[in-house]
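The following pair of complexes shares a single chain, subunit A, combined with subunit B in the former and subunit C in the latter.
Let's turn to the complex of A and B:
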């Protein structure tokens, strides 16, 4: 396993280098970082624009810019931002905000998916199974932004019914204060509820479908039949034998899908005005802030690779038939 | 059972809100005439909070710098940064009587202006506001003392030859190198020189201290208590505020909601109290009109921003003035407005000038006077025929017999009206045998407008309080916003005279002639002004739309809650 891990990590290095160069070239040609300044009314004087161009290294050849950026990464310098953002510090801060949302979203989606899988597999073709299947497919089909907007409308109605604001439609809670511990709990629930639900629903839909199929397969396997023949209780058969085996393919999907959720978080953070990684990408693109977008892609690329690695490792841990020694 | 019914009611009510028809139109909330400077007046009580929504994060606090010059930084810093003059909602300039006792033009040759600062005007640390602050600001802006200062534009501070103060520091005398009609627009923002000098030389203090550090100082009614980047700026009263009125609020908050479509939802949910979205759309106005049951009111005005279509007279088919005039004649401006503005901005004014807004001295409908925007296709065909163009098989042939190339019609995304206008204009000029390629995208300005890779371009210009100053930015041959190739020495000469006029009225009268010539040049077609929408809880008093560059935050000292 260790050798496999080392091999995978070593393969990641040239992959990241190639990906980083391609990203750099594509983003460098994606637009003029000074376009917003040049079209201001009135535009700044030419010498100010020149100073900004020098600051952004636009006076340097492309390969030199790439090398300066790449070598800077090793000392924590992610390059200059047109808006004076310390990109490294900003990425760390934004990642923290996003991880809060992502972690909750993944946990919620996973727990719901496992529960739905068990019900769907054990009560196969029952009304409960049909309802869960319908909801799951509906969630897969529903664009995240649309679901998020509907949740907001619903939240406004709920708040109006309650007579106080329980649910918040924008912001991650920064700058909001609560006087008592109970108010703080309510505030936490209020700001987390809608974005977490919006983010988790699509993943829940997908994962629950995978989980149901995997669990049905497991429950029909020979070793489960043997377990039943040995007189084990159905609960133990399902949870200890069926579910454990079915978790292997499901966790692979979860790990791979976890990276996909990062993409959905861009939309969720925009709709709910969370200042996480998704918002950083959107504003970076809007401002043509090249090094911000590059930093984001680098971190996102790393996250995706790490999630894939985790998926492989989990697969081995959960399914004894799979080993990577050879 | 009750819980189930309650939930069902909630879901149904949400669906009802989603599908409810709305029909209230903006003209009911259009603020007109003298009301524009007095609407929503009242005497507020002391205390309370107001949360105002802004549309982008603050990454630079210096509103006079290239990177800080945007509506959000202006809005958030207006309660902090003192100004010599303020642009009022009716587009007039009013001296800031909290800061100045007087500002007088004492001589015209050389032009000399004397500013007298009030004795009690101080910064939040108690240090008096003096000529040092005027001189520091002038040095950052005049392009001579600090070429490294990353300013947005000098706005005429470079016309000041010398700036001196008396021994008290409260009398400041500006002597101009040449007459400048826009002198009242100078010193719109003042920064504390005594703090700046502690942070390096002029360039260092301007580019770093004033730009990158959250202001811990104030010369206005409020000062910054805290800043959560990307989320919230909280202001509290400046304990050393020297003004006559206010501040009334305990806290004035600016919540950052970058997606303008989400601002209304936040207002409806009570998370914010005021929204001022950029580019009010029909959907937004109709939704706002439906929120009166929550005590939410709104004001609308024609903004200082006005839509135009520019024609590239420098290169391509539009370099022929006959074709330009024919295109402008074929466009049906009435239909264009009826289809893009009137559905929610009934009786919205036309723009008939490229140098004046309809409410400004000097304005006349010079567009209609030339037959532009009449949609008169036969007249347009006549212009083309006279110039040697021929219509053959549905295509237009130029005087040499070659087909006129498909016109590249660019426009930026994010303005639904511009998108609609592009399609409508395509239809208006089709009978002339002209076809268009519609070009847009997130980098439209850079890809098409700045690179000159267009024949027609839809966008908006922001008018300034001195039309001659704005005209100088667009119509001079080397002007940075002369995207459409104006090249008329006579226009330049007149603009020069208008800039040197002794009064705004005289300047406007002179500039009118340049407006006529610019219209004759037929490279810029004015359409109509964009709407502003100030949507707010009606309990907030003295909050009013200021549809110019300053926006509603021009009078935050007076904002307060009804008792």
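Let's turn to the complex of A and C:
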């Protein structure tokens, strides 16, 4: 297992290097970061344009620029920004905000998907199964920003009913303080509840559909028949023998959905006006701040790779038939 | 073939004496698949609704009395007979907007599905059939593209080339170049299982080159999985496009799309809720219908799956 882990981590290094180069080339060729500055009225003086080009290293050849960027990364320098943002520091700060949402959203989606697939597989073709299946398909078909806006609307009326602000419809909680521990918990719930639900629903829909099929397959297999024949209780059969192995194929789907969830978190954060990774990316793209976008994609790629690695490790833990040793 | 009269007389007689007519014995896989597909109620209903939505979007625009680009004097009107979907604060008729937006969103999703299916299936078939280092190289490229969140890369690329009358086409091209990877993986796995089958070996012995084998023998046999994956692509392309337009990096005003309509309506979340009910409803309806059609196709194309 340890050897496998080391091998996987070592493979990640060249993968990330190639990916970063590919990304750098695509982004460098896709447009001129100074295009907007050049079309400004009145046009800025040529010295300003030149100084900007030098600052963004546009006077250097592409390979040199890539090398400067890559070597800078090792000392925490993520490259120059049009708006003089310290990209590295900003990424760390924003990541802290966004990881809370991402982690909670994934955990919530996974737990709901597991619960839904157990109900769907054990009570196959019952009304509960049909309702859950329909909700799952509806959630897959629902754009995350639309769901988020609906939740916001719902929260406004809930707050009005309660007479105080329980659910926050905008902001990530930064700058808000609470005096008592109870208030702090309430604030945390209020800030996180809506974005987490909005983010988790689409993933829940996809994962529960795969989970249901995987669990039905597992419950029809020989080892589950054996477990039943041994006289184990149905709960034990379903949870310890069926569910455990069916979680493994489900994890592949979860891992494959990592990039998608990261994209949806950008949309969710935008709806709820969080100052997280999503906002950093959106304003970075709006300002054509290429090194911000590059840094963002690098972090996103790393997160997804680590995510895939964790899924593969859990895969082996859950399904005893899978062995990574040669 | 002899003239039809004696043949039909023959088959009539055959029916009379209790034998199946000869032409019934010809195996027509596509007819069987179509019959199976049409036995799934949810898929058929979805197909009908989707066709109605397409008609509404493409034929409705020219027929409807208001244009998405011309404002009326009715400001912030809730849904009524005059404006079935209501109007916004500038007096634009929302039904005209939804027609245009659906048209754009459907065009983008359709273009993405066609392009991504073409690229992905050829890529996957070549990787699966050629094998060896070429396979490794091609599939590592797929892995590399999949590392990055599609929405983020698409937003950056679309931002670089936005605007203009053909802005929607650029959005479609960007989404297509990023979303064919799923197709490549699906087709490769099917081709891997087909490449050692007898008919491929026979074609090779008969002297067929790799191009001919891929296009004439392998790809036609992967049509089933390709169609199913393509329907998933349509649904995800609709959702990606609307998300992109919602963020402001997709279709640009004065043109409109379903995502952009919701973006423009979000300030009026509690005062003019109809402004985002209708565009949202259309996105969900399209994605739902495509999903159910895909389910029906999957079941109809899968010989292992029998209807209970």
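The definition used in the following text is that the second predicted complex is superposed on the first by the 303 of 326 C-alpha atoms of A that agree within 3 Å, B and C clash if a C-alpha of one lies under 4 Å from a C-alpha of the other, contacts with A are read in each partner's own complex, and residues count from 1 in each chain.
Here is the rule we go by: contacts are C-beta pairs under 8 Å (C-beta built on N, C-alpha and C of every residue); 3 or more make two chains touch, one makes a residue touch a chain.
Note that the structure is predicted; figures quoted are calculated from it, not measured.
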item: Contacts of A:281 with subunit B and subunit C, given as first, second, both or neither; value: second
item: Partner chain(s) touched by A:222 [first = subunit B, second = subunit C, both, neither]; value: neither
item: First, second, both or neither for A:270, with subunit B first and subunit C second; value: both
item: Partner chain(s) touched by A:138 [first = subunit B, second = subunit C, both, neither]; value: second
item: Partner chain in contact with A:15 - subunit B first, subunit C second, else both or neither; value: second
item: Which superposed partner A:152 touches (first subunit B, second subunit C, both, neither); value: both
item: Subunit B versus subunit C as contact partner of A:260, first or second or both or neither; value: second
item: Touching partner for A:31 - first (subunit B), second (subunit C), both, neither; value: both
item: Touching both subunit C and subunit B, counted on subunit A across the two superposed complexes; value: 30-31, 150, 152-153, 156, 270-271, 285-286, 288
item: Touching residues (chain side subunit B, partner subunit A) in the complex; value: 6, 9-11, 13-14, 17-18, 57, 59-60, 66-67, 69, 143, 147-148, 150-154, 211-212, 226, 228-232, 234, 253, 255-259, 262, 265-266, 268-271, 442-443, 445-447, 449-450, 461-462, 473, 480-481
item: Subunit B partner contacts - residues on subunit A that touch it in the complex; value: 30-32, 35-49, 51-52, 82-85, 150, 152-159, 161, 165, 167-172, 174-175, 270-271, 273, 275, 279, 283, 285-286, 288
item: Subunit C - residues contacting subunit A, complex; value: 143-144, 146-153, 155-157, 159-161, 235, 239, 242-243, 246-249, 259, 262, 266, 269-270, 273, 276, 280, 283-284, 287-288, 291-292
item: Touch list for subunit A against partner subunit C, complex; value: 15, 18-19, 22-23, 26-27, 30-31, 137-138, 140-146, 149-150, 152-153, 156, 259-260, 262-264, 266-267, 270-271, 281-282, 285-286, 288, 293, 296-297, 300-301, 304-305
